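Below, chain A partners chain B and then partners chain C, in two separate complexes.
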Partner chain A sequence: MIATARLAWRQLWRDRRLPVALTLLLALALVAIALDQVRATEAERDRIAADTLDRETFRTQGARNPHSVAHFSRFAFRPRLETMTLDQGVSDHAGTAVWMEAHRQNPPNARAAEDHLDLGRSSELGLAWIWQVVAPLLLVGLGFDAIARERERRTLPLVLVGGLSLPSFVAGKALSLLAVFAVALLGSVAMSSLVGGGYPVDDRVARTAIWIGGYLGYLVVWTAITLAASVRARTSRGALVTLLGIWALTVLAAPRIVATLADDQVPIPSSTELSAAIERDLKEGFDGHGPADQRTKDFEARILAEYKVDAVAKLPVSFAGLKLEEGERVGNLVFDKHHAWLAERYAKQRSWRRGSSLFGPLAALQHLSTAAAGTDVEQQLEFARQAEHQRRDIVARLNTDMIAHGTGKDFDYLADPILWTRIPAFQYSAPSLDRAGMRIDLALLAVWVVIASLLLGWTVRRAAKELVP
Partner chain B sequence: MTRLRAVMWWDARMLVRSRVAWTALAVLTIATGLAVCSGAQFRARWSDEATHERRLEHEGRREHLELLATKDPWAAMPLFIETKLALPPAPLAELIVGRSDLDPRTANVSAFSHRGALFRDYQTASPVALAIGRFDLGFVVVYLLPLFVIALGYGLLSNERDRGLDRLLAVHDVSRWRLALGRVMLRSVVLAAPLVAGIGTILLAEEPTADRAARCTVAMLAILGYTAFWWSLVFVVASSRLREGPSLLALLVAWVVLVLIVPAIVGAITKTTHPAPSRFALIAASRSAEVAAVTSAHELIGGYIHDHPELDPRATSAPPAFAQRSFVVAREIDKAVKPIVAEFDRALEAQQTSVARWQLVSPALLVHRTLSTIAGTDETRALAFRAQARVFADDWRETVGRLGMSGVTVDAAMVTSRPELDFVEPTLGDTLSTVAIPIALLWGLSILASFAAFHRLRRG
Partner chain C sequence: MTSDELIRTSRLGKKYGDVTALEALDLTVCAGEIVCLLGANGAGKTTTLQLLLGFTQPSSGQAWIAGVDVAREPQRARARAGYLPEVVELYPLLDGIETLAYFEQLAGRRGDADGVAASLERVGLPSSAFRRRVATYSKGMRQKLGLAVALAKGADALLLDEPMSGLDPSAANDLVQLLRALAGKGAAILMVTHDIFRAQQAADRIGIMRHGQLVEEVAATAMTPQEVERLYVHHLRDAA
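Coming up: the complex of A and B.
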C-alpha cells in the first residue's frame, strides 16, 4: 500500500499536477491568511480605539439625568476572535455593535459586508472557502484518473497480476491523495496560527483540533468518492465529468438552493415587521413615557399602597424612576418573546440546511467549521444575549439611582457624574466550545465518511470481481 | 452555408441521441426555473415590505389626525412628527439579488434624526442566508452556465481527431472550422433556450414596461455575451489539437481560475486596499459629538434662535426643552459625522472603480457586476437611496425643526400634505451606459478569441 502510494506521488509529481495543486492551495492559503491578518489587525485596533473613546465619552459626560444617560447608554462592540481566521462564517454578515439603550433591545448592527462590493458571495477568499470549495476540486483533479487511466491503458490487470490486490492498490492511491491534502491542510492551519491576532479564546487548541478533524473527514469523503468514480468509470473523462457534476451540485449549487428554500419556508420577518410586532405588544404593555392608562393607574395605586401614602408627591422615591423600571420589566418580557421567536426561526433554518446533509457532507462541515471558529449564528446570538444582559444591568442601575435620588425632581434630577464611572463596561466573554451542539454535525460527517468508504469498498470489490477472468 | 447547415443537421441528430445534451438541457432548465421562482419570491417579499412600510406611514398619518382632533398637545408639535421612507423593489430584482438583501431599504425620519443613525435596526435577516446568498438567475449564469458549456463543448473536435475521422471529413470537404462552428451554434441554441425562457418569464411576470423590456434585453445580451465567451474558449481549446481529456481539463482549469479564484482574490484585495472607515469609529465619533452638543445645548439653542431671528420660541407656545435640545443635538451630530459617513460612500465608490478595472481579468466578475447593475441591485442604487434619504431627512429635520422652534402648531392640512420621499431611480440611460462597455468587452473578447481559433483551424 505504501509502495503504491509512493508510486502515485511520483506519478502525480512527474505530470506536474501535484506541484501545481499544492502550490495553488498553499499560495491561496497564504494570501488569504495575510489579507485576513491585515483586516483583523485593523478591525481589532478600531474596536479597541472606539471602545476607549466611548468609555471616555461616557465617563466625562457631566451631570445628567440618569434616564437621559440610559437612552445614551453604551455600545457593545463584538471583538474579532483569533479563531476567525479558520472560518469567517457569518461574521461579515452579522452585526458587530449593539446600542444598549433604554426601552429597546436593538439588534446588532454595523455589518462589515455592507462596506464591501458584492462579488458573488461564492468566492470569499479564506481558509474555509479554500478547503470547502477549492480543495475537493483539486482532489478530483488529482484523483479522477487514478484507476480509470490504468483501466484505459489496460495496465490494471498487469498491476494485479503482479500480486497486488485491487483493494490494496486503491488504498495506496487513497493514502497518496489523502496524505498530500492532509499535509497541506495542516500546513495552512499552522501558517494561520503562527500569524495569530484577534481576541483570545480559551479553548483555541480544542477548537482548532475539531476544525482540522472535520476537514480531514471531509477530505476522506472526497477521496473515497473520487476513487470510487475512478474505479467505476470506463474512461477517465467519464470519471472527471461525473465527479465534477457531483462537486458542482453538492458544493456549488446545493448550499444556495437549500439556503434559499430555508429562507422561503421559514421566512425571517423584516426589521419593520419585527419592530411593528414589538411596538404592538409594548403598547398593550407599559411605557414610562406613555399617557396615563389603566396600567399606570393600577401601578400608581400599588406603589401608593406599598409606601402607605395617599399621593405621588408624598412618595419618598421618584415615581418617574419607578415607572421607568416597571416599563423596562414589561418591555423585557416583550423583547424576550420576540427575540426568542427570531432565534427559533434561525434554528429552524439551520435544521433545513442540516437536512441538505442528505446530498453531501458540506452542510455538516460548514456548521462544524463555523462552530469551532466561533463564527456561527449561535455565537452571534450569544453576543446579542450578552449585550442584552448588559443593557438591562445598565438601565437597572440608572433607574435605581433615579428612584433613590430623583424624588420630587424626576426628569429634572441630575445625577453625580461619579455614577457613570460605576457603570461596568461591556466585557465580551467568548463562549466556550459548544461540544453538544457540534455532536449532530460531527455525527453527520462521520456518517458520510462511513457511506463514502462503504461505497468505495463496494465499488472496488465489484471491480475486482469483474477483473478476475 | 449549405454545408454548415448540413453539419448542424447532422449534429442535431447526434445531440438528440446524446444523454449528456438532454441531461444538460434538463438540469439547466430546472436550475433556471428554480432561480426564476426564487427571484420572484425575493421581489415579492421586498414589495410586501415596501407596502407594509407605506401602510404604516398612512396609519401613522391617520392616527396623527385622530390625535389632532382630540386636541392632543403632543400631536400639535411639529418636532414630534415622524415619517417613514421605503425603497421600492429594484427594477429587475428577480434577476439577481446582488447586495440588495444587505443594504437598508427603510428609514425613520424625524426632527431628531442624524445621518449616522438614519438607517438602523434593519439587520434581522439570517446572517447565514446572507453569507451563502440566494439561488438566483445571476448565480445560474455566472457559475453554472459555463459548466454546461464545457460539458457540451469540451470534445468539440477532439472526438473526431482522436478517432482519425477528421481526415475522412476533410475528404468530404467538411472543414474543421465549419464542423466546430456548426456544433457551437447548435449547442449555443440548446443552452440559450432555457435562459431566454427564464428572462422572458421575468419580463412577463410583472407588467412589461419599456424599462423592464429594455433591461431584460440588455441582460440577455450580457448573458449571451458571457455564453459566447465560454464558447469561444471552447473554440480556442478545440483549435489547439488537445485530446479530449486534456481539453476538458484545460477548460475546467479556466473555469476554476476565472469564476472562482480571480473573483475571490479581487474581492480580498479590494477589501484590503480600499477599506471603509471603521463603523465603530463612526459610532464613537457620533456619541462624542452628542455629549459635546448636550453639554452646550443651551448655547446651541440660543445660537439657533440667533441664526433665525424670525423664530422665538418664547414668543409663542414653545416646544418642551428636551425636544429643543434633542433637535439641536441631532443637528450637531449630523455635522460631526457628515465627513465620516461620506467616507463610507467614497470607500464603496473607490472599490467600485478598482473592481471595474479588475473585472477585465474575469468575465465572471464582469457579468455578475453587469447583471447587478441592470437589475438595480448593485451599490449604485443603494448609494442613490442613501443619498436621497439623507437629503430628505435633512430637509425634514430643518423644516419641522424651524416650525417647531417657532411654536407653530400642526393642523390637519399639514399632516395630509406632508412630503414623502419620491425615490428617483438611476436613469436607464445611465445604467445602460455603465454596462455598455462590459457587454461590448464580453462580446469583443468572444469575437477575438473565436476569430483566432477560426484562423488556427483554417490554417490547420
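Coming up: the complex of A and C.
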C-alpha cells in the first residue's frame, strides 16, 4: 500500500499535477488568510476604538436623567473571534454592533460587507471556501485516472499479478490522495494560526480540531467517490466527466437550489418588517395584553391600589420610573416572542439546508465549519441575546435609580455621574462548543463517510470479479 | 493433479453473452515445460490467460495455478504466477529501475537498485536505459522491461502474451534462451504467440487454437518450423 502511494506521488509530481495542485491550494490559502488578516486587523482596530470612545463618552457624560441616559445608552460590540479565519460564515453579513437603548431591542448593525464593498466581494475567498469548493475539484483532478489509467495502459493486471489485491491497490491510491490533501489542509490551518489574532476563544484547540476533522471527513468522502468513479469508468476521460458532473451538482448546484428553496419556504423577515411587527404588537396589544392606552390606565390603577393612594402625585416613588420599568417589562415580552419566532425560522431554514445533505456532504460540512469557527447564525443570535441581556440590565439599573431617587421630579431628576461608572461594560462571551449544535452535522458527515466508503468497497469488490471487459 | 502440474485447466470455458470465447479447454503445463498456444485473433488464447489469472470468471470448468483453484482463490493463484501482457505500456514517467523496483516491492522484495539493475540486465535491457524514463523506450525495450516485471517475483508459473512482440531477431533469440533457462530451473511457461518460428524454437509442446477450442496439440521437438507452419495454416484455412 505504501509502495503504491509512493509510486502515485512520484507520478503525480512528475506530470506536474501534484506541485500545481499544492501550489494552488497553499497560495489560495495564503491569499485568503492575508485578506482576512487585513480585514481582521481593521475590524478589531475599529471595534476597539469605537468601544473605547463609547465607554469614555458614557462614563464622562455628567449628571443626567437616567432615562435620557437609557436612550443615549451604549453599544455592544461583537469582537472578531480568533477562530474566524477558519470560516467567516455569516460574520461579514451579520451586524457587529448593537445599539442598546430603552424601549427597543435593536438588531445588530455595522456589517462588514456594507463597510467594505471591495473586500466584501472577495469575502468568499476564505479558507472554508477553498476547502469546500476548490479542494474537491483538485482532488478529482489528481485522482480521476488513479485506477482507470492503470487499466488503460494495462498496468493494473501487472500490479494484481505482482502481488497486490485490487482493494489494497485502491487503498494505496486513496492514501496517496488523502495524504497530499491532509498535509495541505494542516498546512493552511497552521498558516492561519501563525498569523491569526482576534478575540481569544477558550476552546480554540477543540474547535480547530473539530474543524480539521470535519474537512478530513469531507476529503475522505471525495477521495472515495473519486476512486469509485475511477474504478467503475471504462476510461479515465469517462471518470473525469462523471466526477466533474458530481462536483458541479453537489458543490455548486444543490446547495444553492436548496438555499433558494429554504428562503422560499421559510422566509426571514427584514429588520424593518420585524420592527413593524413588534411596534404593532406594542401598540395594539398581544397575547392577552390590551392596547397601549389601556395598559397604561390599568397599570396606573394597579400602582395606586398597591400603594393605597388616590393620585400619582401622592406616590412615594417616581411613577414615571415605574411606568418606564413596566414599559420595559411588556416590551421585553414582545421582543422575546418575536425573536423566539425569528430564531425558530432560522432553525427551520437550517433544517431545510441540511436537506441538501441528501445530495452530498457539503451542507453538513458548512454548518459544522461555521459552528466550529463561531461564525454561524446560531452564534450570531447568541451575540444578539447577550447584547439584549446587557441592554435589559442597563435599563433596569437606570429605571431602578429613577424610581428610588426621582420621586416628584421624574424626568427632571439628575442622577449622580458615579452611577454611570457602576454600569458594567458589555463583555462578549463566545458560546461553548457544546452549545454550538454540531452533533447533527457531525453525524451527517459521518454518514457520508460511511456511504462513500461502502460505495467504494462495493465498486472495488464488483470490479475485482471481472477485471477484463 | 500432480505437484509438478503448475498450470492446469479442466473443461475451462468462457462465454460473453452468446459468443463462446473458450470452450472446454484441457491443458497442462508441468514444471520445466514450455507450451505455446498458436491461433488467429479471437481464437481464445488471451482469454485462456485471463481465466488462468482470475481476471475474469469462467463460464464452465476450472483452472489451477500451482494447484490453487483460480476462481476460488484468485489472489493466491496469482501469487504463484508471473505475467507479461500483450501490450506493455508501464509507467511512462518512471525509469526502468523505478518501475522494476516497484514490482519487486509488491512481491515483498527489497527492490534495491543493484538487484533491480541485475534483473534488467538479465532480460537484455541496455544499461543506458536503466535511468531513462519509460516514455522514451522503444516497443522492444518496453517488452524487455515488461518481461523483467513478469520475472520479478521468481514465480513458478509464467503466462506470457506475445512476449516476442517488438523484439529484434537477436533479442527474440536471447529471450528464447532465457525462457529455456527458466524452464530448466523448473518454471512452467505458457506462451501465447503468432510467431511460429519462435514457438517451435522455444516450446516443448505447441497447441493450436481455433474458435475457442484447442484443436491440435503437438510436441514441438518432433517437428520442424515448416511442419508447424503447415499445420497452423491448415487449421487457419479450416477456420476460414
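We adopt the following convention: the second predicted complex is superposed on the first by the 448 of 469 C-alpha atoms of A that agree within 3 Å, B and C clash if a C-alpha of one lies under 4 Å from a C-alpha of the other, contacts with A are read in each partner's own complex, and residues count from 1 in each chain.
As a convention for this text, contacts are C-beta pairs under 8 Å (C-beta built on N, C-alpha and C of every residue); 3 or more make two chains touch, one makes a residue touch a chain.
Every value quoted in this text rests on a predicted model; they were computed, and no experiment measured them.
Asker: Is the arrangement of chain B and chain C around the shared chain A a clash or a fit after superposition?
Answerer: Overlaying the two structures gives chain B and chain C room side by side.
Asker: Scan A:252 for contacts with chain B and chain C and give back first, second, both or neither.
Answerer: first
Asker: A:329 in the overlay: touching chain B, chain C, both, or neither? Say first, second, both or neither.
Answerer: A:329 contacts neither chain B nor chain C.
Asker: Which partner, once the models are overlaid, touches more of chain A's residues, chain C or chain B?
Answerer: After superposition, B is the partner touching more of chain A.
Asker: Based on the superposed arrangement, let me know which partner A:160 touches: chain B (first), chain C (second), both, or neither?
Answerer: Touch status of A:160: second partner only.
Asker: One more residue to check, A:129. First (chain B), second (chain C), both or neither?
Answerer: Touch partner of A:129: chain B, not chain C.
Asker: Would you sort A:53 into first (chain B), second (chain C), both or neither based on which partner it touches?
Answerer: In the superposition, A:53 touches chain B alone.
Asker: Which value, in Å, gives the least CA distance between chain B and chain C in the superposed three-chain arrangement?
Answerer: 16
Asker: Which chain A residues contact chain B in one complex and chain C in the other?
Answerer: The answer is that chain A has no such residue.
Asker: Flag every residue of chain B that touches chain A in the complex, lowest number first.
Answerer: It comes out as residues 20, 31, 34, 38, 41, 45, 49, 52-53, 56, 98-99, 102-103, 106, 120-135, 139, 142-144, 147, 151, 244-245, 248-249, 252, 256, 259-261, 263-272, 275-276, 278-281, 283-285, 287-288, 290-291, 294-295, 322, 344, 347-348, 351-352, 355, 364-365, 368-369, 372, 378-379.
Asker: Spell out the part of chain C that touches chain A in their complex, as residue ranges.
Answerer: 50, 53, 55-57, 74-75, 78-79, 81-83, 85, 87-91, 93-94, 98, 102-103, 105-108, 146, 149-150, 152-153
Asker: Under the stated contact criterion, what part of chain A meets chain C in this complex?
Answerer: Result: residues 3-4, 7, 10-11, 14-15, 153-155, 157-165, 464-468 of chain A touch chain C.
Asker: If you look only at chain A, which of its residues touch chain B in the complex?
Answerer: 28, 31-32, 35, 38-39, 42-43, 46-47, 49-51, 53-54, 57-58, 60-62, 64, 68, 72, 75, 77, 89-90, 92-97, 99, 106-125, 129, 133-134, 137, 141, 145, 236-237, 240-241, 244, 248, 252-253, 255-257, 259-260, 262-264, 267-276, 342, 345-346, 349-350, 353, 376-377, 380, 411
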